[in-house]
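Order as written gives the chain letters A, B and C; numbering starts at 1 within each chain.
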Amino acid sequence: MIHPFYALLIAVFFLIGTFFVFSPGKGLLGRIQRYKRIQDHICREDILKHLYENERQDKKSSLHSMAGALNISTERTADLIQELQHTGLIQLQNDHYILSAEGRDYALKMIRIHRLYELYLSEQTGVPEAAWHTHAEIAEHEITPEQAEAISDQLGNPRYDPHGDPIPSADGFLPPNRGLWLTDWPENEIGRIIQIEDEPVNVYNIIREKDIQLGIQIEQVRREQEYLKLIANGRKVTLPLIAAGNIRAEVLKQAAPITDPPARLRDLQSGEQGVVIALSQNLRGSERRRLMDLGVTPGTIIRNELVSAFGDPVAYNIRGAAIALRHTQANLIYVKKLGAEYEAAS
Amino acid sequence: MKNSAKQNELLDLADQLRWELGDTIHDSLMQTVYEDASRIAGRAVTLPAEKPRLQWDKFLDRLLTSRWTGFPVMFLILMSVFWLTITGANIPSGWIADLLVDTLHPWLKTASLSIGFPWWLSGFLFDGMYLAAAWVISVMLPPMAIFFPLFTILEDFGYLPRVAFNLDALFRKSGAHGKQALTMAMGYGCNAAGIIATRIIDSPRERLIAIITNNFSLCNGRWPTQILIASLFIGTLVPPALGGFVSALSVVGVALLGVALTFVTSWFLSRSVLKGTPSSFSLELPPYRPPRIWQTLYTSLVDRTLFVLWRAVVFAFPAGALIWLMANFQISGISLAEYLIQWFNPFGLLIGLNGVILLAYVIAIPANEIVVPTILMLTVLSAKMTGMGAGAGVMFELDDMQAYQQVFQAGGWTLMTALNLMLFSLVHNPCSTTIYTIFKETGSRRWTLVSTFLPVVMGFLLTFFVTQFWRLISML
Amino acid sequence: MKPHPEANCASCPAHNTAQLERLGVDMTEWDYAIALAGNPNTGKSTVFNALTGLRQHTGNWPGKTVTRAEGGFSFAGKRFKLIDLPGTYSLLSTSTDEEVARNFILFGQPDVTVIVADATRLERNLNLTLQILEITERAVLCLNLMDEAKRHRLQIDERTLSKDLGIPVVPASARVGIGIDELLQRIHEVASGQFVCRPHRIKYGNSALQKAVDQLAEQIAGKYPQLFNTRWMALRLIEGDARLREAVAGGEIAGLVHEQQTYAPAESGL
């Protein structure tokens, strides 16, 4: 019989080899997959999208800007551009490239798929927000128009994606943006944030760091040099203009100013009670519906009833039943604390 | 259909209205329904003037879910269930074996031969099919008829959701769903049932994880294997008075290893092929309801008995027939079974098992229940034991522990073999019914293959490393 | 036990169970189809077992039943087919785990829907009850777990409740068989039309929503005059319910108008 030491040695080498091939992402298979992702047709589609974005922002697109945006060599970009010109999707105008009518249609279709897919991820899967964009970037090249229509149908033909961006319709109509950019906001109005651009990523990250989310109530918006000062859900926030320019809000006609930042369900200590004020917009899709089904609606009185062995989840008494929720969910439910004495009245 | 959906005027109007109303329809609707519900309930229900203090429920909740007592109590409950099962099953097991194997079998043989059955027919029917079924019943029925009623009482009492409540943090960290604890618990009865139960998990990703890892819940067909091997090899390492306790401890150990593997595998899956972060989780903790103990015991006992008997008929009959044929079909003086055993042997020894055990696991793909009977039968055959059983392909009578041990010793078993068998019984492919259920529930060949082969490969690796380290250490 | 002729039953409630013949899985030729719906863990399967004599698994945790089960019983000379459904919190949600129940209640068109509610948590159970009453005219509320309600010293005025909801309400403790007699009686009355339900209807507070629902409901009623729950359909279509959209697009909705239907709801899995 083989000496156990050698047997172990061989097995360990074997395992390392297997790991090298199959390890997700970094393994051989992962690399091959990634290589596929930079195939020609994907690059071509990305060029169209790049042109569309630039045209929307009145920027000009050159060979170099495209090569830079796609992170591929100029030679390859030149080849791809030539192909696109042949098929009539883009044209050269003076010194820069523009989309033809078909090219624009094509780009809009991709944007439609991208945004639909993000909405699908947000509504019907547990994929976290940070990963939507990456998933959608892959999906937009893979999903066929028929599949896209099926997704749209299933979602009830939505018009806005989870960031509040309009989704182009199947025949290329772009629904209007709602509300106003924060940079144009009238100082005395109270409003609600309805759209946050998720690109460029660094700006989006600033917005997220400030904990600005869809559905938040804003008031007392003032411009001070390069900054916008405002009160968001009762909390003072200072936003760089570049970030404020990526946020839209709609005017709320009858809204009371929010004076204190509300507590979260998660803040209730064992035995404490609170009354639900609102559910964050970050509770979406089936998750939001499930919570409402369980009786978490504005006005409901909830008590922290039981803490689990590891501290998370916590069971809350909601309309007579103990319902266990994880902290991540309890963090998205705004409440007003009632204190433990409230018990007698409930 | 999609095209007509686009052209339908009702749907178009609905879309239009939806866009106009904005995204708060559902919220306001739910609020309206609950307001109505609350008003109607308020009119119908009169609360007691002073709230009855249900101290007992509160106390239990604290005890079962608090940081310091939650897990120890869980462990204690598990231990008691297995201790009761192991000590309680011994006696009825003996009775059933006495009746079915020692008394009825010889009688059937003699009777059949005396009315003129040819030897092969009587052998095929009674040494093959009948004995296999008799065996399965005597090994399986008593422990399962004790274990499951106890389990059902816990279930009816309301303990399972508390376990899920406590374990959720671990499931969350492994990227899985907290309700997987419940499907795991259902898997303790039968993996196929556990897999159907995964329907309570809403997120497809987490449901797949729960399906793939359900196999790490020891099922009805595997508990008795664990119990038997633990009693024979581990319970006997200590003085008899402690035997039951130590055996129970080792079975609980294996079960907990299964839980640990569930976490590890879930973690691994949700970081590789099933990438994603855990979705939401909401679980209603029902109030404790005092179970109707006698009724539960009775129905659960009847249910289990029927289940075991049914499986014995469906799976043990054909398996017994097959074994008998393999043992009696000879090629140049060596039986087919022996060829196969020799063929499996080198690999079996490498992972601390042997050809007999591997062949038994192949034969037992349809049902885990027949593993132990098959192993015993094949061992006798390959070790050419005399004085045991009545000949090739006969599952012989073993009325007490010593007889079992003699067989295993003849087969070259050591403590290490026993340990590896326990591990392999925990981590190997699901049975055929379970595989079929996985296919039906996932509708995907790929995931069915993954759920089938992932555990086998893991089992091979686990037993391999345990074996080689064991050998290395015993060389030092 | 032979079922008695119908005439006897109204006057002798004490002997109802004597007329109950548990048919188990024998469901050949049934007169009425009865669905058991309700929140999870309210005792639906226990009621099912009490009526059919079968042994559906029950357990004290939400989600024990995940597939639909069928059984039969005969009462007052009629044969009933009983369908035990998985528990569901709402008909408005989109979660896949509750799909079987939702689809059956919406598209299965049972003759009577028995809503099994937990008497100790009436408010949250009424949420589903009210939703079910939006789509069916024939329902009975089984107020189960009354023994638990007593333990909590809750008093429930089932008459007021019945008046408010417009359907019969039967207090019961299914596990010990209390209330099953009366439940049978009421099911029979509603199924045979002796009792006509006047179900409570939700009033949508949001007036824009009310207007939108009215507008679409009118359109639906124009196209399918026999549909009686157009309001609900309108609401669901506005919400974008994928299954209902499919039914409208594929014309399946036309099949929902007939009073009694052989039903084959979309089934997932087993």
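In the analysis below, a residue touches a chain if its C-beta (ideal position, glycine included) is under 8 Å from a C-beta of that chain, and two chains touch if they have at least 3 such contacts.
Just so you know, these numbers come straight off a predicted model, no measurement behind them.
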Chain contact graph, described as a line, ring, star, complete graph or other shape: complete
Chain at maximum distance from subunit B, centres defined as averaged CA atoms: A
Whole-Å gap separating subunit A and subunit B, where each centre is the average of the chain's CA atoms: 41
Chain centre separation (subunit B, subunit C; CA means) in Å: 36
Residues of subunit C whose C-beta touches two or more other chains: 92, 95, 120, 122-124, 127, 239-240, 245
Contacts with 2+ other chains: residues of subunit B: 2, 5, 18, 26, 30-31, 34, 38, 202, 204, 283-284
Of all residues in subunit A, the ones touching two or more other chains: 153, 156-157, 286, 289-290, 292-295, 319, 321
Contact footprint of subunit A on subunit C as seen in their complex: 89-90, 92-95, 120-124, 127, 239-242, 245
Complex interface listing, subunit B residues touching subunit C: 1-2, 4-5, 8-11, 13-14, 17-18, 20-21, 25-26, 28-38, 40-48, 52, 54, 152, 155-158, 160-161, 179, 182, 196-197, 199-202, 204, 283-284, 286-289, 291-292, 299, 303, 440-441
Subunit A to subunit C touching residues, read off their complex: 124, 153-158, 285-286, 289-290, 292-295, 318-321
Interface residues, subunit C side, partner subunit B - complex: 40-41, 55, 58-63, 66-67, 86, 92, 95-97, 120, 122-124, 126-127, 129-131, 148, 151-158, 160-161, 164-165, 175, 200, 202-206, 208-209, 212, 215-216, 219-220, 223, 234-235, 237-240, 245-246, 248-250, 269-270
Residues of subunit B defined as touching subunit A within the complex: 2, 5-6, 15, 18-19, 23, 26-27, 30-31, 34, 38, 61-62, 65-67, 70-71, 165-166, 168-170, 172, 178, 202-206, 271-273, 275-285, 349-350, 461, 464-465, 467-469, 471-472, 475
